[in-house]
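Next, two complexes with chain A in common: one pairs it with chain B, the other with chain C.
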Partner chain A sequence: MRLQPQLDMASRKAFLLFFVSLFVSWVSAAPLTGGRILAVIEERSDNAKYSQFLMDLRGRGYDVKLESAKKDTLALLEHGEKAWDHVILFPPKSKGYGPALTPQKLLDFTKLGGNILVLTSPSSIPEQIRELARELDIGLPPKDYTVVDHFNYDTVSKSEKHDVILATRPAVSSAVHNCFSGTQDDLIAFRGAGHTLGNGPLLVPILTAPRTAYAYDSKEDFAYAQDPWAAGTQMQLVSAMQARNNARITLVGSVDMFSNEFFNMKVQRPGSTESRKTANKEFCKDIAAWTFGEKGIVKVNAIRHYLSNEPNAPVNPNMYRIKNDVTFEIELSEYNIDRWAPFKVSSGDSLQLEFTMLDPYYRVPLLPASTSSNYTTYTTSFKIPDQHGVFAFRVNYKRPYLTYIDEKYSVTVRHFAHDEYTRSWDISGAWVWIAGIAVTITGWIGFCALWLWSAPVAAKAGLKKTE
Partner chain B sequence: MPSKKNLSTPSTSTSTTTTTSSSASATAAATATPTNPFTILGGIFKNYSRSTPQRTKLIDAFLGFLVITGVLQFAYCVVAGNYPFNAFLAGFSATVGQFVLTASLRIQSNPANKSEFASVSPERAFADFVFCSIILHLFCTNFIN
Partner chain C sequence: MHSTTSSRMSFWTFFVLAFLSLAAAASGVWTFEDAQAVVAAKGGKADAYKFSPTKPVKGAITLGSRDILKVSLTVKEGSQAGRPHQAFLLAQEPESKVETFFPLSVKELSGKAKIDLSHKDLPAFLLTAPSLSLSLVLGSFGESAASIVTIGNIKPSLDPTAKALFEKQKQKDLGEGATVYKAKDEIRHIFRADPQSPPKIITLFFLLSVLAGLGGLFIVWFPILGGNLSHLPKALKAAPVSHPFFFASLLSLEGIFFMYYTQWNLFQTLAGMAVVGPVALFSGSRALREVRARREKGER
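What follows is the complex of A and B.
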């Protein structure tokens, strides 16, 4: 085990802090990113409609406070700090949320790391939420536009409008971290509004509408869509934005999804003979767990780099030489509901190390070397390029549904010292030219000797004359 | 021999050399009209061995030796590649540098050029040659590492 001597004090402090935090977490049993949830719900009576969802949150250690948006003392921030860790916005009965929940205040809340779960319904998308969505580059439909699907609707609920649509969980992909994939043949009942996503790189879809779904104005009295607002897989049912500070905002088009009614509902696809229970409970738990930072949180435990060939090389030195063989290691953990687990990179994805000076000189894959009970060590070895200067080891891993990893450690790369070059006689290719020099010098000595010996007689005579 | 005459009488060296060389070519032209190239080459060689001072001949032999050494080193570089390049540079430049210095010595010490280097005696020229050669050798052995 390699330890850093210069970080001894720091590690001792971290050790102490670890025990203190262990104690604190045992006392409060709060989730990783804090347990104070503000649920903005207009009428206390509505509370019963979502009791299963809220009870589930409380069961995971959250302290859920139900408040009306109209309450005067309601505030997201207190003395410049978050008054809550997470916010759930249920759709209001009235037109808006009131002065405490303006888009500006919601964004200030996320800037401090607060997470927001926004639940909407077609009949109630307040102007504050529209403005927030515009800021995030999410397109919300006009009032009363509902998603329908004439191929994937629920036949049990007997709605002629086909507005309880049955979506399946997102397909398992080898390229992304599957936070929401779960059991693949789960059916998720959804009744609400879809939305579209802009090109923002921080936006990720969570649940996409089926291919045959479309959104139209449910207040119009047509049996078919006159003017569909969005259709097919370009429409999203649930999507999220993870800000650069890892705060998460999730927008759900259907508040009914989270209701007890939908949690316990039995649904049946058209053409199918058996009715099944929905997977809304598990899926909504997944959504809440991800939004409130119980999933998809990746932590860097340690970073080590050292010379590969020397067994006693110092760890994390400040300086390397060009053409040194270097090994780089990074330990990654992922938080999973209640504990840190080893982080596993998806099979179709690659965790990469960049060795950069302005631009990456190398971009090499980091491969899992060992796994402990709560972290995986990813490692790679490479030869430092033939270029001296100030380089940085950089791990820049930004993937949907995961917190961003951007680690950068700079080191100096010096050139060869004068006595570090290979001697010429150690390289057999140079022997011919060594011989060339030797022959030239020997020939020169012989030439000088002959020259002195063969002084012309007349010159000698002349010299004698002068004497 | 004309060279000895030159050395002994430096003041008239130029005139005598020119006359001797012109007379030599004149005699060559008179004796054998240049029809056969071997005869011409033989004439040149005979003329060279007859009229060149001993030391100049020695220099020429050394120059020939350096040319062969240099050609061999360069041929090896072409055939076997130039790794390690500084070794090639050192070896080849030692030979080429030695050639240049020796050629300079030949120019300065040649009795035929006496008038151009009036202030440089053959001894002085040789001392310069030795000094520069030693510097060259030190440089090359250092550079080859």
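What follows is the complex of A and C.
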């Protein structure tokens, strides 16, 4: 060793470089909103049931830790900070989750920006989750209420209960940027409980029950559904709440959806001739990706406003004058799994700019002007209102499935300066008055000349000229 | 899949076949027959409408606020009477596709099913709709295929006061005042009207009349009253410096005012005044002294 210090240094350097590069690649592979996932799962053996889903998460750079809800040291927060970035709650075998996962603690976790994926099954909706759902205005059915659909069930699994129902992705809408309406003819197998949603704007449906589905008590042996808990498209199978701080809580009525069994299952609708593979793997990936902030994240890169008609106008000045022509630009990116992509506003939707002083004086659509590799520039021009005061450019873009954008920049709008008004000779109505002044001046000069130099013409008129 | 015929007609195969055909009869399609919808008005006559899986009720059934729509039918599984697990009447608002359901009560053996529908069963949203489409869903566990059939339309009729009340309830149900995250209405500022000048022709008329006034003044001064500048040589002889300076300073004062009007600021104007003012003062006092001298001599 001592004989070859040079070589030693070189190998050490190579070694270090290797680790640095490893570290760099690890850092760049970490998901946008943090990679620490706590998966609360009661029994380690259950891990195998969901291994494909968990492997998929690990493959995207997440560090998934499986913990039992019963573990004493389990905590969502540590020293007032998040100990995890995301939490997956698998349904517990026992009645509840234990003291570490009370609704209050879960909400505190979301207040710090943590995302939660709640997986339930009809037989296991713990009281903590019910309480959490009540806070979010999500209506959960009583225990053992299962969704069935005699029109859209899987015939391959030979279930007499018709409880493996085949749902389709939400329809593509021109008004909503729905991160979940992927391939439209995908079949998603679902076995579990439905729920209902309140009217709040923070709640979004992700997977809606088919029209003919209904929920009934599978443990009571009624001959027929006299009093179903809910039915039809008013019932949701998967829903989410995006809090005002963009933290996301997703509630899934079926834990089986995420299982290897459902990922690999071949399903067939009644009446159809061929069986197809479920799209559960892709759909569950979408759910996890959205919940953990890999999709539907919109970022403002830059905001610019300036005078439209001046080529060298300063960008983002503090002051404008009334009736100035102003151009406003905003650059938006959307995160998609592993990179920032240009954000595209849906055709039926509108990204709007407000120019407000207490109330909006303008609310105008921002239109895409140019697109780069990772952002779109939206722009609009307008004439500043004839009202002076402190105004704000505001882009308040809040839409379901997307993180909320609320950008506000104040500018002062001043009145015309004294030398910015139209000159009087440009106003035709003023010509008479201008002529009046000119006449007065000419008359005055003439009068002075006469006073100074006029000789009396007494012989002719007998009067002094200027009395 | 169940009614295969075989040429070998042993007793056993015959038995199996008989059993299978029975099963086929039982596991066909859920359907119904003897269906009718009766609108029973309180104390009044009842209108009956017959319908079948293939023939829905033609036209819309008007449902008054005190009427009860009684739908009765016999549910069949294939050709046998049966009771499905799901027997719902669906009422849908066709435009928004908002739908609600009403489970039918079905007798187990006879398959006789009925449901009563009146205004108080319907939520305000559907009640205020111009027309509702009614469908019947029959489905159950097992082999028999489920069916969904449109059976007709109803038109809930409301008197104006009730309608207003339900509209209010509907707004409440929809979360009146609650925020909905979507694009809002566009707003464009309406500017105050720009000040207007009168028509140019009127302006020009008055402009000309003002100028004519000046012309009139000069006509009155010179030809009529005999104004002249005959004393100018005399004045220049008596005070050769102060007369031109005084008159020039008067002109330049007006010039300074003109410059102030067009481009100068107040400080430039004041500077100009400071130069021209004393000149006007001193030359003016000399010039006017000369004028007084002429008057005292009796020349004026």
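One rule holds for everything that comes next: the second predicted complex is superposed on the first by the 397 of 467 C-alpha atoms of A that agree within 3 Å, B and C clash if a C-alpha of one lies under 4 Å from a C-alpha of the other, contacts with A are read in each partner's own complex, and residues count from 1 in each chain.
Following the convention adopted for this analysis, contacts are C-beta pairs under 8 Å (C-beta built on N, C-alpha and C of every residue); 3 or more make two chains touch, one makes a residue touch a chain.
Predicted, not measured: the structure shown is a model, and the values here were computed from it.
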**Message:** Which partner chains sit in contact with A:D386 here, chain B, chain C, both or neither? Use first/second/both/neither.
**Reply:** second
**chain A residues touched - chain C or chain B, whichever exceeds** = C
**Asked** Is A:Y421 touching the first partner chain B, the second partner chain C, both, or neither of them?
**Response** first
**Asked** Which partner does A:T233 reach: the first (chain B), the second (chain C), both, or neither?
**Response** second
**Prompt:** Which partner does A:S454 reach: the first (chain B), the second (chain C), both, or neither?
**Reply:** both
**Request:** Scan A:H150 for contacts with chain B and chain C and give back first, second, both or neither.
**Result:** second
**Request:** Give one of first, second, both or neither to describe whether A:G436 is in contact with chain B, with chain C, with both, or with none.
**Result:** both
**Asked** Overlap of the chain B and chain C footprints on chain A, residue-wise?
**Response** 427, 429-430, 432, 435-436, 439, 441, 443, 448, 450-451, 454-457
**Fill in**
Per the touch rule above, chain A residues touching chain B in the complex are 421-424, 427, 429-430, 432-437, 439-441, 443-444, 447-448, 450-451, 454-459, 462
**Message:** With touch defined as at the start, can you tell me which chain A residues reach chain C in the complex?
**Reply:** 148, 150-151, 160-162, 175, 199-201, 211-212, 214, 216, 223-228, 231-234, 270-271, 323, 349-350, 352, 354-355, 360-365, 382-383, 385-386, 398-400, 427-432, 435-436, 439, 441-443, 445-446, 448-457, 460-461, 463-465
**Item:** Touch list for chain C against partner chain A, complex
**Value:** 83-88, 90, 97-101, 103, 105-106, 108, 137, 139-142, 145-146, 148, 174-175, 178-189, 191-192, 197-198, 200, 203-204, 206-207, 210-211, 213-214, 217-218, 221, 225-232, 235, 243, 246-247, 250-251, 254, 287, 291, 299-300
**Complete:** Per the touch rule above, chain B residues touching chain A in the complex are 3-4, 7-8, 53-55, 58-59, 62, 65-66, 69, 72-73, 76, 80-81, 83-84, 87-88, 90-92, 94-95, 98, 102, 122, 126, 130, 133, 137, 140-141, 144-145
